[in-house]
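Same chain, two partners: chain A is paired with chain B first, then with chain C.
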Partner chain A sequence: MLADFNFRVILEYLPLFLTGLRSTFLISIVSIGLAIATGIIACACRISGIRLIKYPAIAYIEIVRSTPLLVQIYFLYFGLPTLGIRVPEIQTGILALMLNSGAYIAEIIRAGINSVEPGQIEAGVSSGLNYIQRMRFIILPQALGVTVPPLLGQAIVLVKDSALLSLISVAELTRAGQTLTSERFMPSEAFFTVAFFYMCIYFCLKALADWSQRKLIFREAY
Partner chain B sequence: MMAFYFSRLVEIFPFFLKGLWMTSKVAFISLVTCTLLGFILGIFRSGKNKIVKRVIGFYVAFVRGTPFVVQVFIIFFILPEWGMQLKAFPAALLAMGIMGSAFICEIVAGGISSISKGQWEAAAASGLNLVQQLRWVILPQAMKVILPPLVGQYVLLIKDTSVVSVIGVMELTRVGWVTVVRIPEGLMVFSLVGALYFVISYPLILLSNYLEQKMAV
Partner chain C sequence: MENIIEFKNVNKWFGKLHVLKDINLQIPKGEILVICGPSGSGKSTLIRCINRLEDIQKGEIIVNKIPVHDKSASLTRLRADIGFVFQQFHLYPHMTVLQNIMLAPVQVKKMDKAKAETIAMEKLDRVGLAEKSGAYPAQLSGGQQQRVAIARGLAMSPEIMLFDEPTSALDPEMIGEVLDVMVNLVSEGMTMCVVTHEMGFAKKVAHRVLFMDEGKIIETGTPSDFFDHPKTDRAASFISMILTH
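Here is the complex of A and B:
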C-alpha cells in the first residue's frame, strides 16, 4: 500500500510536475483576469434596462450555469474547428474557463450591487447625481468590497476547474500526473503528488479568502 | 453536409436518451447518498468531539482542495493497486459520494452553527436528549439556512457527473464524446448534450433561486 510509495520516481518527474504547476498557474491567472472582465461586461448588460442586451446576457449566464464545464470545453474543442477556427488547445481551454467563470462572476457582482440598500440610491437621486455618478460614487464603492470574498472563492473553483483541461491534452498539472501514470504506471505517486500541489494552491487562496471575509466583517461592524 | 449530419444525429438520438438515463441514475443515487452522509458528517462536525471534528475537517479540506477529476483518477487507478477491483460505475458512485458528502457536510455544519447557543440550552432544559434536540429544535431552524445552498449544491453535483465520463461511464458527456468521432459536428453534438443537461439542472436552479428569496424574508 503506502509502504512501497516510490518517492524516487516523484523526484525524477519533479521537473514535469513543476512545469505543469506553472502552466496551471498561468492558465488560472489569465483566465480569472479575462473572466472578471467578461463578468463585468455581462453583469452590466444583465442589469441594464435595454432589452436587446439584457436578454442575451441572461441567456448566456443561465446557459453557462446549467451545463457542465466539461461539456462547454468539448463544445469549444470539437466545435471551433468546424467553424474553421483552429487554435491551440490551451487557448480553447482558457476561452472555456473564461466564459464559464465569467457567468458566475457576473452573478457575484450583481449580488454585490443588489446588496446596496435602495435608500442609498434614492439618496443619490435626490442629491442630483445621474446614473453613472450614482454607480461610480455610491453603489460600486460599497458593492465591490462585498464581492471580494466570493470572487476569491470563484478563483479557487477556477484553479480546480483548470484540471479538466488535461482532458483536451493541455500540459498542466493533472496532465503531468496522467503522463507519469501512462509512462511508469504509478498512479498513486502521480495523483497524490498532483493532489498535494492543488492543496497548496487551495490553502493559499483559502487563507486569502478568509482574510478578506474577516476584513469585511470588521468593516461592517463599524 | 450539415443537414446530413443532422439527420444522422436524429437517428442516434435514442443513444443520447440512454446517456441521459445513465446521468440521471448516477446523479440520483449520489444525491441521495450524499445528502444522508453529508447530514450525518455535518452533525458530527458541529459536535463536541475534537478528534472526530479534526478527521472530518481534514477529509473536507482534501475534497475541497483538489479537483474532482483528480479524485476520480485516484479512486479509479489507485484502489485496484490496493487490491480493490472496481468497475467504472461503482467507482463513479464512490467518487461522487465522497466528493458530494464533503460539500454537503460543510453546508449542514454552517447551518447548524448559525443557530444560537440559547436554542441548544433551551432544548436541553426542556429535557430533550441530544437526538431530540437536533430533530425538534435545531435542524428545523437550520433547514432555513441549509436548504438554498443545498439545492445549489445539487445542481453542481449533477453537472459534476459529467466528469465521471473520463473513466468510461456511458453517461451523457461520454455519449457526446463517442458521437463526435462519427459525426464531426462538434457544435451540434455538444449543443444537444448541453440542452439535455439544461433540462435537468435548470429547474433546480430556479428552485434554488426561489428558496433563496423565500428563506431570506
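Here is the complex of A and C:
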C-alpha cells in the first residue's frame, strides 16, 4: 500500500490542507475561549442556591451530555434557520462546539470547586469571610489549579470534535481531506495527511498539559 | 459575672437524629470550659452552634448579646469575634503561614496590611513559630499546623476561642506543644470552650467541665469534682475508659 502512496498529490493539495489547518486552529481557539466563558457561567448557575438559575443550568448540562455532538450540530444547522436565524455554517459550528464543550467545562470546574476540602470553607466561614471572599481567596485559587489539566484535555477533545463541522461544509481540516478524496479519489493520502495535522495539534496541547501538570505538582509539594 | 454565651432550651436535629436535646448552658465571660463525652454525644455540634456553623431548630443561643438563632442576625461581626480551631487544622494550603493568618484581619476587619502583618508576627511568636512565617502548611508538622491555626484565630483578637478536639488528630509527641500554647492563652482572659479528652489540660486550667452523652448535658462540675468524684455512673465509666486508654 505504501508503495502506491502518492506524496506528490499531498504536496499539490498542501495549500488546501494548510488553509484547513488554519480554520481548524482558529475555530478551536475561538470555540474553546467561548466554551470556557460558557462553562464558568453554567457552573456558577449550577452551584447556585437559587432554583430559577440552578435548574436551567442542570438541564443545559444534562441535555448536552446525553446527546451526540453530531446531533447537536445538525439540530443547530437545520434548527436555527427555521427560527429565522440565518448564520454562516462556520458560526453555527462554533456555537455548537461552544455549547457542547461549555457543558463539560462547567462540570470540570465544578469538580475543581468540590475538590476543595469543606473544612477550609468552614475555616473561612468561621473567621467571618463572606461568600465572595471565600470564593476569591480560598476556593478559586485552589480549584483553578486542579482544573487546568482537564481543561486542556477538553481542548484536545474539542479540536478533534471540530472535524464534525466538515459535515455541515465548514472548510476545515477534515473537509480538505474530503475534497481531495472526491476530486482525486485518494482517501489514504487525504486522511493520512489530515490525521498527521491533528496529531501535530494534539502533541502541542499535550505538551502544554504535561507542563501545567508538572507546575501544579510542584506547587502542591512546594 | 455576665454571661457571654447562653443556650436556652436548644434542640437540634440532623434529619431524624436528635443531636442536641434541651441544652441549657450559661458561660460567663472569661470562663475556661472543657466539654467531654463519648463520640456522637453532640459535643462538637454544641460548640459549632456557637458561631452558627450549625443551625439549630429550636431554642435560643445568645452570644455576645447577638441572637445567633435569629436568621437575620449579622453573623460576620459575631464570627469575627470568635476564633475557631478545628481538629483537622484546615489551614489554606495555597497560602504561606503569614498569609493564612493575615487573610481575615485584612479582608474582614479591613485592617491595613502592615498592621495585620505586625499582629500576625506577634501571634506567630506567641505560638513559637515566628521563623515559619514564610512556610507553606504542607511543610509543617501536624503540631505546628495546629499552632498556626491557633495564631490565625488569635489574630482577630477574639473574645471567645472555640477548640474542637484540637489535639485528636495529632501524634502523641505533638499533643504537648499544642496544649502548652493553649495553657498560655488562659492568662489573656478570653472565654474558651474546649472539646477535649485531655484530662491534664482540664485539671490544669479549666474552671468547669461539662460532660455530655446522647445529646444531653449529663453533669457539670469543677475539674477535680468531675474527674475524682463523678456524680453519675455514665460519667464514672467514661472517666475510667479514658484513664485506662
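As a working rule, the second predicted complex is superposed on the first by the 221 of 222 C-alpha atoms of A that agree within 3 Å, B and C clash if a C-alpha of one lies under 4 Å from a C-alpha of the other, contacts with A are read in each partner's own complex, and residues count from 1 in each chain.
Keep in mind that, in the parts below, contacts are C-beta pairs under 8 Å (C-beta built on N, C-alpha and C of every residue); 3 or more make two chains touch, one makes a residue touch a chain.
Since the structure is predicted, the reported quantities are computational estimates derived from the model, not experimental observations.
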Quick check for you: in the superposed arrangement, does A:P141 touch first (chain B), second (chain C), both or neither?
second
Partner chain in contact with A:Q120 - chain B first, chain C second, else both or neither
second
First (chain B), second (chain C), both or neither touched by A:E62
first
Quick one: name whichever of chain B and chain C touches more residues of chain A.
B
A:N6 in the overlay: touching chain B, chain C, both, or neither? Say first, second, both or neither.
neither
Overlapping contact positions on chain A, where the chain C interface meets the chain B interface
none
State the interface residues of chain A toward chain B in the complex, per the touch definition above.
1, 62-63, 65-72, 74-75, 77-83, 160-164, 166-167, 174, 177-178, 181, 187-188, 191-192, 194-195, 198-199, 202-203, 206
Flag every residue of chain B that touches chain A in the complex, lowest number first.
61-62, 64-71, 73-74, 77-78, 81-82, 155, 159-163, 165-166, 173, 176-177, 180, 184-187, 189-191, 193-194, 197-198, 201-202, 205
The residues of chain A that touch chain C in their complex are 117, 119-120, 122-123, 125-130, 133, 137-138, 141-142, 145, 219-222
In the complex formed with chain A, which residues of chain C make contact?
51, 53, 75-77, 79-80, 82-84, 86, 88, 90-94, 103-104, 107-108, 136, 138-139, 149, 152-153, 156
